[in-house]
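Heads up, the next two complexes both have subunit A, just with different partners, subunit B and then subunit C.
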Partner chain A sequence: MDALFSDFSDAQKSCDGFKLSRTISPALPFDKLRNVWKSCNAQDVKNVVKRGIHNTYISKAQALPKDETAGWIEVYSAYWKAVGALVKVRDSLSPNNKSPWANVYETWKEVVSLLHRGYLAHGFEAWTVPCLYVAGKYLREFAVKADEERNNSSSMDSSAEANFQDDFNPEAEQHEKLEDCARQLNRLFNLCLSDRAPLDNSRKWGIYHVANLLFKTYFKLNSAPLSNNILKSLSAGRGDMPPLSKFPKSQQVTYKYYEGVLRFLEEDYVQAEKHLTEAWSMCHKDAMKNKEMILTYLVPCHLLTTHTLPTKKLLEPYPRLQKLFLPLSRHIKGGELHAFDLALQEGEDEFVKRRIYLTLERGRDIALRNLLRKVFLAGGFEEAKTEGASKVRRTRVPIAEFTAAISLGSHQTLDGDEVECFLANMIYKNLMKGYIARERGVVVLSKSGAFPGTGV
Partner chain B sequence: MASATPQQQQKDAKAADQSQQPPAAAAEQQKSAAALEEDDEFEDFPVEDWEAEDTEAANGGDTQHLWEESWDDDDTSDDFSAQLREELKKVEASKKR
Partner chain C sequence: MVPAWPSVPPAPGTQTATAYQTTYQTPAFTPVQVRQGFGQTYSAPQPVYPATAYGAHSHLSPQTNPSTVNSTPATPSTPAQAKIEWPESVRSYVQRAFLQHNMDESVSRQEMEVKLKETISHAAATGAMYTIDWEAMPLPQHMIKASRVQYLQQAQLPAALSFPAATATSKKRKSSDMSEMGVSGGAAPPWRANQSRLEDRVTSPADKRLAGSEATPKALTKHQLKLEKRQKRFDGGYQSSYRDPSPPPSNGPVVGTCQDLEKRYLRLTAAPNPSVVRPESVLRKTLELLKRKWRKEQNYNYICDQFKSMRQDLTVQRIRNEFTVEVYEIHARIALEKGDLGEYNQCQTQLKALYQQGIKGKPLEFKAYRILYFIHTANRTALNDVLADLTTAEKSERAIKHALGVRSALALGNYHRFFQLYNDTPNMGAYLMDMFVARERLAALCNICKAYKPDVPLRFITDELLFESDADAAQFILDHGGENLLEDRNGTVVVLTGKASNIFEPARAAAFGRVDIKGQI
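Here is the complex of A and B:
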């Protein structure tokens, strides 16, 4: 533990929050964890920590205020206990301990609580907020592990029993610890949000990191809409909040990603595209997995807002995205309705899991537009009325031709009324310009841009 | 019952093997399991901040040429016209019937 205290002292002297946060990290090699655990016992841990911290103060002038020191002693004592719980996870000598991860979670929650108290009651300074990042990050990881552990064991011995209970709520049960973790993270969020200190010494600088942890947690809990509360409190407090652009890029990109996905889920594709594009542009070039995640939502956005598709080059580095999007793209381009439906069906599980199914389904309109456009192009040109006049495309297209095309594309025989319905929809959605002349059985298309934005 | 004994022995041997695994290997196993589950999550960046030159935008990710139009005019061949005429005949024929 001595190394820990010398790092603590160095970090305090240089006000280096990230260095300080590493002293409470539970992600240490196992032998180091064990060394920390073995260095004292439950009776003397507080004294050992106290002595450890005091020994690093060479002179009184360097020492932290007494109250603050007391706060850190509490934190490190709790940390020691959590380390012990972690050691026991690996320790095969305690077979009686059936839920070691739940124990880790509870002990780590205590670390989080004591840090929280440190800011409110012991005057921890704002530069130390990276400690909250580490505390929050691992609280979430341990919660996930504890839930898994319980679900694994309960599925083996008590599932039959549970089925007989009327008020059994499998979803809530399944994420018990993670639900609790969300509440703890929310406390940390408010701890940062409510700081009234001047900006250059404010916990507000910790807020986006904690917000991102909360987003991640809510998404995992399948309660993404709860994230809107976070977005709202950040936009309401924006007046006295540092602008997002002043935060490290990792926090900006993550925040923009979640903001974009949330807008996406609300079907506000214009806003979604804006945020996701920002996330994409600022993302680190080597963060392949995260770039893939951004594109997963950006591609459907582009399809609906600007009716554009990803190039092969864009998807080249991402085999998974190629599998997801290339077949659909090809069929949209070709106006192959039937093949599009099949590809959508084929990928349904994957699309639903990623919450993009409903958006991609709307790509069928674009496929249909392309099919109708092909009919228009195949119709060729009117005979020029005067010599040398520029060629004009045939703009009166018999409905029968569209009917034939749609039957061809969808492998179904449709009657004229159904086709008229499709055409009316296309016109309504401004994918096609013109009107249906029912009595003559033709569609009269606009001479200037029958299919807006497609060059004809 | 007799056949169960060697199986049991095998199992025991396996268990012993696992307990003797160096902690590093066990940690790696855990890691890969975690990686599979976290598959669908936005990952933590390994660094907190980076220079503008390391962003996607500065490395060819910002240009419009990564997106293309959703229709394909190379495809508008006579093939389609022919198919369409064929189908049209069928539609007409079925109407007359």
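Here is the complex of A and C:
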């Protein structure tokens, strides 16, 4: 524990928030954790911490204000307790305690709230916010572990509050601790948001990190829409907040990624593309996993907004993305409608898991457009009426020809009305220009640009 | 000081805030004129006050904690017009209410007196004066406290009366609000038993959910309640953190002892009292009874209320088995039939969890509904989650295959296929599809108007969009501003799609913009 206090003192002297945050990290090698735990007992932990902190001050001038010191003493005492809970998990020391992770979660939550109180009541300075990052990060991890542990033991009497509800709440039962964790993180978020100190000494510098943690938690809770509240309060407070670009790149990228994915889920593909592109361009060149995650959403966005497909080169470093997107791309490009359907079906599970199925499905329109375009091109040109006039494509295409083209891949005969329905959709979506003359069974296509944006 | 006691008690749902305002000095009761016209048959049980029996404050007066709540069906007796001789039991009840050790600081004497009057006159009015077990009747202060927590409007008294603080805002409340609360508080009162109040039911669940915290005075305006709800959602989002300190909940589930088949629904605000909870054996009989009643009477208000109380009893006893599933399934189907999506939704959520625990039922049927429901609410995120949940085997089952077909047809704008599927919907899915079929017709119409020129036969629209008849199709077009599009040409009506330009676009946008269901997942 002494090492911990000398680090604490160093960090305080140099105002190094990240160094300080490492002193409350629970992710230590196990023997170190155990040493911390063994270095004192429940009765004298406060005294030990107190002495430890005071001993590091060489002169009085260096010492922290008394109030602040008191706050840190509380934090480290709680930290010691949480370490104890962790040690017990590893040792499986307590057979009576059926839920060691829940215990870790609760003790860690105490660390979080004492930190929270430290900022509000003990005047912790803003440069120490990395401590919040560490606290929040592990709170989330412990919550996930505690929920897993409870769900494995499958006891249903987890929450007494079920007594007051008309129906039980399955989601809450499954994610009890994580939901609690979301609340705690929200408190931290507000702690950062509500700091009115001048910017160079403001907790606002911690806000995007906490926001990112919250996004992560909400996504896991299956309540991604709650993230919109975070986005809203961030954009509402934008005036007196440091611009995003002043924050560490890692935080910017994560934030932009989540913002993009949230827009994606709301089907606002233009905005989604904008945010994801920003994330993409800022992402560290070697962060392959992150880049892959960004592309997972950016590629479908691109397909819908600009009708462009990813190149082989772009996907080259990502075998998984190749598997996801290349077959579809190929079929879209070739207008192979049936093959596209099959490929979509093939990858359905994976697409659904990544929440891109419903978006990729719309790629069928493009595949169909390409197929119809082929029919149009195959129709050739009208017989020139006058010698020397420029050639004009045949713009009256019998519906039967389209029907034949669509049936070609699947070997299933389609009912003419259904084909008309497809054609109507193409026209409605401006993928094809012209009109259906039902009585005559033909489609009359525009002489200039029957398929906008494709050169014919 | 003797108050002005109105000759006829106020009709339910009306504002008579002028009455009852004076302070009572003594609990003396002048004989009251009696409510008339309630002597008819009752389909609902005699309204009792089960709220108090949940024991939130019963420690104050153990003798008032009934072992079984009085639920004797009221024997309708001819209401006495003239003066009433108060039975001894009533007198002692009144006396007991004002005994020093029974007094409660938070309930003013005035409120108590109003409550007492209400209780007794109600008993007199329903002719239950002699059948009620006054010994077991909760004291007025307890009823008041219980009703405060519950946002429960006793149908007989406007909110303003049991809550003096409410007078300022109560004027804004419309009569519809009053009736809504009356209904949400319990089974439809006898005088309304045969009226269909579907709108009330659809909107009330959300309001009820607010009643959770004691801090919610029931007289808050709707607007305030909405704000508060918002606040709760944004504040981290989960109801559980907003529970006020309540009596420590007992460990483990309750085991009910109540033997009554019927029970009105009241939202719990405290740990339930076993004496008002029905055990599974009784609930099974209840279900049979309700099934019979539903077939015979089709009274949705009553049925919904009864099912809610059943669900509550099941939940507090943590009964999760095939019977539970059956209850939820039946309630979901009934709600579906009546278009009560809020209630349906609640059942659906529960069913999903129950099926997940491997309890048998009709998971395929309900998964299919679930898909259709999310199509209706256009909830893409949820739809994606449902897709993720399906196994390959399930995807080939008829109901689910149908629902998935509907989904993909709509996603691809294939209205032709969509209406074919609509024509052939398994189980009760058509009730759900009915809800978005109009919207899809508009979308298809927009499509057709843009794509077809110069015109199409009306019959084509009728067939493609699956209208019952040409007349229906024409009416639909007329309803959405297409009066200039229909033309009679040698006996066949044609739709001048070429002239339609964007006539149907606004209607389409409006239809897709607004899917707001209370209790939406």
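Here is the rule we go by: the second predicted complex is superposed on the first by the 424 of 456 C-alpha atoms of A that agree within 3 Å, B and C clash if a C-alpha of one lies under 4 Å from a C-alpha of the other, contacts with A are read in each partner's own complex, and residues count from 1 in each chain.
Definition applied: a contact is a pair of C-beta atoms (placed from the backbone, for glycine too) under 8 Å apart; a residue touches a chain by one contact, two chains touch by 3 or more.
For clarity, every value in this text was computed on a predicted model and none was experimentally measured.
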| item | value |
| --- | --- |
| Touched partner set for A:454, first subunit B, second subunit C, both or neither | first |
| Which of subunit B and subunit C A:357 touches, first, second, both or neither | second |
| Subunit B versus subunit C as contact partner of A:293, first or second or both or neither | first |
| Touched partner set for A:123, first subunit B, second subunit C, both or neither | neither |
| Subunit B versus subunit C as contact partner of A:373, first or second or both or neither | first |
| First (subunit B), second (subunit C), both or neither touched by A:65 | neither |
| Which of subunit B and subunit C A:317 touches, first, second, both or neither | neither |
| First (subunit B), second (subunit C), both or neither touched by A:407 | first |
| Where subunit A meets both subunit C and subunit B, residue numbers | 353 |
| Of subunit A, residues touching subunit C in the complex | 156-157, 159-168, 170, 172, 179, 182-183, 186-187, 222-226, 229, 265, 267, 348, 352-353, 355, 357-358, 361-362, 364-365, 415, 417-418, 420-425, 427-429, 435-438, 444 |
| Residue ranges of subunit C touching subunit A (in the complex, touch as defined) | 212, 234-238, 240-241, 243, 246, 249-254, 267-272, 308, 311-312, 315-316, 318, 320, 346, 349-350, 352-353, 356, 380-381, 383-385, 387-388, 408, 411-417, 446-448, 450-454, 456, 460, 464, 498 |
| Contacting residues of subunit A [partner subunit B, same complex] | 18, 29-31, 90, 92, 137, 144, 216, 219-220, 248-251, 253-254, 257-258, 280-287, 289-291, 293, 302-303, 306-311, 313-314, 329, 332-335, 353-354, 366, 369-370, 373-375, 377-378, 400-401, 403-405, 407-408, 413, 454 |
| Contact set on subunit B toward subunit A in their complex | 19, 23, 26-27, 37, 40-45, 47-50, 54-59, 61-62, 65-73, 75-76, 80-81, 83-84, 87-88, 90-92, 94 |
